[in-house]
Amino acid sequence: MNEQEALFEYLLRLGDNALILGHRLSEWCGHSPALEEDLALSNVALDLIGQTQLWLNLAGEIEGKGRDADKLAYLRDARDFRNLLLVEQPNGDFAMTMARQFYFDAWHYLQLQGLTGSKESRIAEIAAKSLKEVAYHLERSRDWVLRLGDGTEESHRRMQAAIDDLWMYTGELFEADEIDRTMIQAGLGPDPSALQESWLDLVRATAEEATLALPQPGWAQRGGKRGIHTEHLGYILADLQFLQRAYPNAVW
Amino acid sequence: MNEQEALFEYLLRLGDNALILGHRLSEWCGHSPALEEDLALSNVALDLIGQTQLWLNLAGEIEGKGRDADKLAYLRDARDFRNLLLVEQPNGDFAMTMARQFYFDAWHYLQLQGLTGSKESRIAEIAAKSLKEVAYHLERSRDWVLRLGDGTEESHRRMQAAIDDLWMYTGELFEADEIDRTMIQAGLGPDPSALQESWLDLVRATAEEATLALPQPGWAQRGGKRGIHTEHLGYILADLQFLQRAYPNAVW
Amino acid sequence: MSPEERAFQERIDADIKIEPKEWMPEAYRKTLIRQISQHAHSEIIGMQPEGNWITRAPTLERKAILLAKVQDEAGHGLYLYCAAETLGVSRDELMEQLNSGKAKYSSIFNYPTLTWADIGAIGWLVDGAAIMNQVPLQRCSYGPYSRAMIRICKEESFHQRQGYDIMMKLARGTPEQKQMAQDALNRWWWPSLMMFGPSDADSVHSAQSMKWKIKINSNDELRQKFVDQTVPQAEYLGLTVPDPDLRWNAERGHYDFGAVDWEEFYQVIAGNGPCNRQRLRTRVKAYEEGRWVREAAEAYAAKKAARAQAKAA
Amino acid sequence: MSPEERAFQERIDADIKIEPKEWMPEAYRKTLIRQISQHAHSEIIGMQPEGNWITRAPTLERKAILLAKVQDEAGHGLYLYCAAETLGVSRDELMEQLNSGKAKYSSIFNYPTLTWADIGAIGWLVDGAAIMNQVPLQRCSYGPYSRAMIRICKEESFHQRQGYDIMMKLARGTPEQKQMAQDALNRWWWPSLMMFGPSDADSVHSAQSMKWKIKINSNDELRQKFVDQTVPQAEYLGLTVPDPDLRWNAERGHYDFGAVDWEEFYQVIAGNGPCNRQRLRTRVKAYEEGRWVREAAEAYAAKKAARAQAKAA
């Protein structure tokens, strides 16, 4: 795989994370615990859809085969998706959604921070723009971890279950593979493993403040970055892609 | 609409009922209350898939545009589906599934009985074959209405809720429209409104034996037969049709 | 009429806004609460038919626009509940009324969204009719309601343009897309006309509400205005309005149109629309399943306040 | 060895089947229960990965075949639970063991089915490996187990052919389909080889089980047989087995193949496979949500019996 191919894959990962998590959050719209949350969750989803467009359009440009963000989002099958397993996990209850969001936001923030130093100026620009949005996402999801962890007995129990349940999907966030290494060497993106300590510090401090017990490091589920997903992704795509698949070549 | 066009539409209704209800039942596979039910629900679903193939293949022949059962099942969008609203309703709990099945089977049996007298021999043959299967379906779903209605307090409550909930989708079963009238006049199919009394007799007697209160006749939801569905159908089709849509012209 | 009532009516006649803490007749307060909360409920329930297509929107841009629109509806609901709260009723009370089926909301949301074109038709027709109803209400006599309406109308007209844009893309698209657009118009036209409510002759409460300036135009007036505005738009799209009696009446300077099927209207109002039960259940489910979250947020806030106090002491 | 034990072993050596009511050593009974129930659990859990594609099968025929296959697995589970019940343990007890995570099932079902080709690969490879394990067990010493195996093997070989047929269609299909098939082979090959269990050197209990004829061949023997059978099938499909060390060894008359990654195997066994948690939760959910139905059926049957008795009296 040459650098350009690796960069394409790398950008798909960035775009697919935003796409799939944005999709999951958008499933909440109209079903959340309070109107304020319908607004807030939609805001985060909208930011992520915007980021999807930026990353996937850039991916399409790098690829140079005439695929734009929509073509990449709507016309790839599950094995060609490159998002982390974490973001495709079902919404579950509100605690599960917020635990997923907090784990992701805390990583996403560090990842984007690293990307602002990318030698590829378009990456650095998108990262800088996204970083501002994600700083707010992180503030919000962290706040909900605190509220639910240190709220009622029920909310504590649910939030503890959620952070336990999703823990096994966090290892993948920090594992560098060949593509990551190519990016690091080319000065295009940060070393994922270098983000782990800061992430753990934040997650640990938040859990403590939220009176939650952080799970022990254990076996990490992995595969999303190379297209080996959980069984959930296929169903997401069936809905997401229905119209583009059913009416090929139509303009909407 | 000439007779041939009406017949095509009529056969779509027969085929789509079987297709969509079979799909719903197949969703239970592996999730039912007991292994025996995994077997039994799958049996019914398999019968319905078989009937789908017969009806839709015949529909395609009548249409004469080269569409077979698979093309009709996998390449029409929701507005072109002609199934009753009843069969697309979500599975809900086991009581809901069985109430839906009983309402449908009781009608389906009478409908097929009428169709065995069709002047079109292919219709009469498919009806005769299906009738044997459906006699068993009806025996089974009726039995579950009894068991759950006259089982425990909880099962009684759930079954009562289910027959109440689905009642408004039963009116459509007996409403004759232009297509039905064309079929009646041509001696191709029975008058739906003529089936209502026998249906009500069976449903009433069953409810009584099951210690259930039958809902009062009320406003009937309608539209399925002319393609005005509930919001559930679109999601069924997104899954059902995914592969055919995503890989056009592939052979499986 | 008591002196207070007379003074109140004089202020209204002079186009002076009534503000929350001022004296107002009980019937004015009650009517307003009913009207504002029905409107709020409609925004909330209205999130469902459109929300149904968020996960299936055909492009990323359409998805973002639709999500933002449904989000705006949540926002409108929020403004309106706040406006109602200034009249001494809490959001929780109003939500309980909605959830229990006591409160009404706009019947149009009891129809299903069956294709993507329905998202266009809702924006174009349903938001169009809503704006027609709401624009005059910007001038209504109750200050908080009037101000909420000003914000809402601005956003709604944006939504309407987006809806029309969807219709335009479909009408200029493939034959299948054009058919989809026509089909949506066929299904949403009459329910949209019903949004203006029964004919003036059959409309209760109207006279008093108009005197209080919480209703500005008559139902039939607005309906006519809507038809006059919308028919040329349909023509521009190349779509046919599903009304054989529709024709331009040069003498009146308006379109004549066919009779609305009020039997259907009353059936839907009475709970027999295609989606009444589904809409209400979805709402109740979200509300009930969110209870523990709301309780947790309150408990946390209380703990935090207590800690801050303990620290300060 | 006690006289009973000696007589028992003599019967086994003489290929006489042991039947439920006959005397048997406690260890034989326990080992059999463990083995049969693990097999039953595997059938039940195995419904999930394949069930995942029933609603998305690409044609009506494929849908029917897949549904019938998953149904057969439920049936196999049923035969096997019945066989285990003859040893004095109830189906409910066994299901509790499964649901609580105490009982094991075949680790292969902890991998996800990601594409339609996985349905082909499971039929071809997983059922192929299962048959390889099960065919000798038709001759096992315990009568009910032996008879269950005879029925099951008949159906399994049917399933295997169906799986291979799916692979064939894909391998002869579009480039995307062929890639899908190769990808599925890549992912399912090694887990299939692991289905035969650890290498003989590391396999506990084997000697006693073989003496009792409830295990007929060694793990490595069967694994070799599976490789020898499957590699030419892969070649016929035009697919590449993902093992760089794979080559025909003319001297041995067998294929040599690379080392299995037992670290992964033990991780999956230990609960860390991609789907362990999901599989178990799905099972527990179905079981728990079905409880009221099973109770109702029992209550109804009791009422009916009581009525019949009252009538007879």
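Labels A, B, C and D are assigned to the chains in the order they are written; within every chain, residues are numbered from 1.
Keep this in mind: a residue touches a chain if its C-beta (ideal position, glycine included) is under 8 Å from a C-beta of that chain, and two chains touch if they have at least 3 such contacts.
If you're wondering where the values come from, they're calculated on a predicted model, not measured in any experiment.
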Worksheet item: Hey, which chain ends up farthest from chain B, C-alpha centres compared?
Response: A
Discussion item. Per the definition at the top, count C-beta pairs in contact and tell me whether B-D or B-C has more.
Written reply: B-D
Worksheet entry | Mean-CA-position distance for chain D and chain A (Å) | 37
Worksheet, complete the sentence: The distance between the C-alpha centres of chain C and chain D, rounded to whole Å, is 58
Worksheet item: Tell me, which residues of chain A touch at least two other chains?
Response: 77, 234, 238-239, 242
Fill in: For chain D, residues that touch 2 or more chains besides their own
56
Worksheet item: Looking at the whole structure, which two-chain pairs count as touching?
Response: A-B, A-C, A-D, B-C, B-D
Response to the item:
Residue positions on chain D within touch of chain B in the complex are 44, 47-48, 51, 54-64, 67-68, 70-71, 74-75, 77-78, 81, 116, 166, 169-170, 173-174, 176-177, 282, 285-286, 289-297, 299-300, 303
Worksheet item: For chain A, which residues are in contact with chain C within the complex?
Response: 19, 23, 26-27, 29-39, 42-43, 45-46, 49-50, 52-53, 69-70, 73-74, 93-94, 146-148, 150-152, 154-155, 158, 239-240, 242-244, 247, 249-252
Worksheet item: Can you list the residues on chain A that touch chain B in the complex?
Response: 77, 234-235, 237-239, 241-242, 245-246, 248
Worksheet, complete the sentence: The chain C residues in contact with chain B across the complex are 49, 52, 56, 112-115, 180, 183, 187, 267, 270, 272, 274-275, 277-278
Item to complete: Going by the contact rule at the top, pick out the chain B residues touching chain C in the complex.
Response: 77-79, 165, 168, 218-219, 221, 223, 228-231, 234, 238
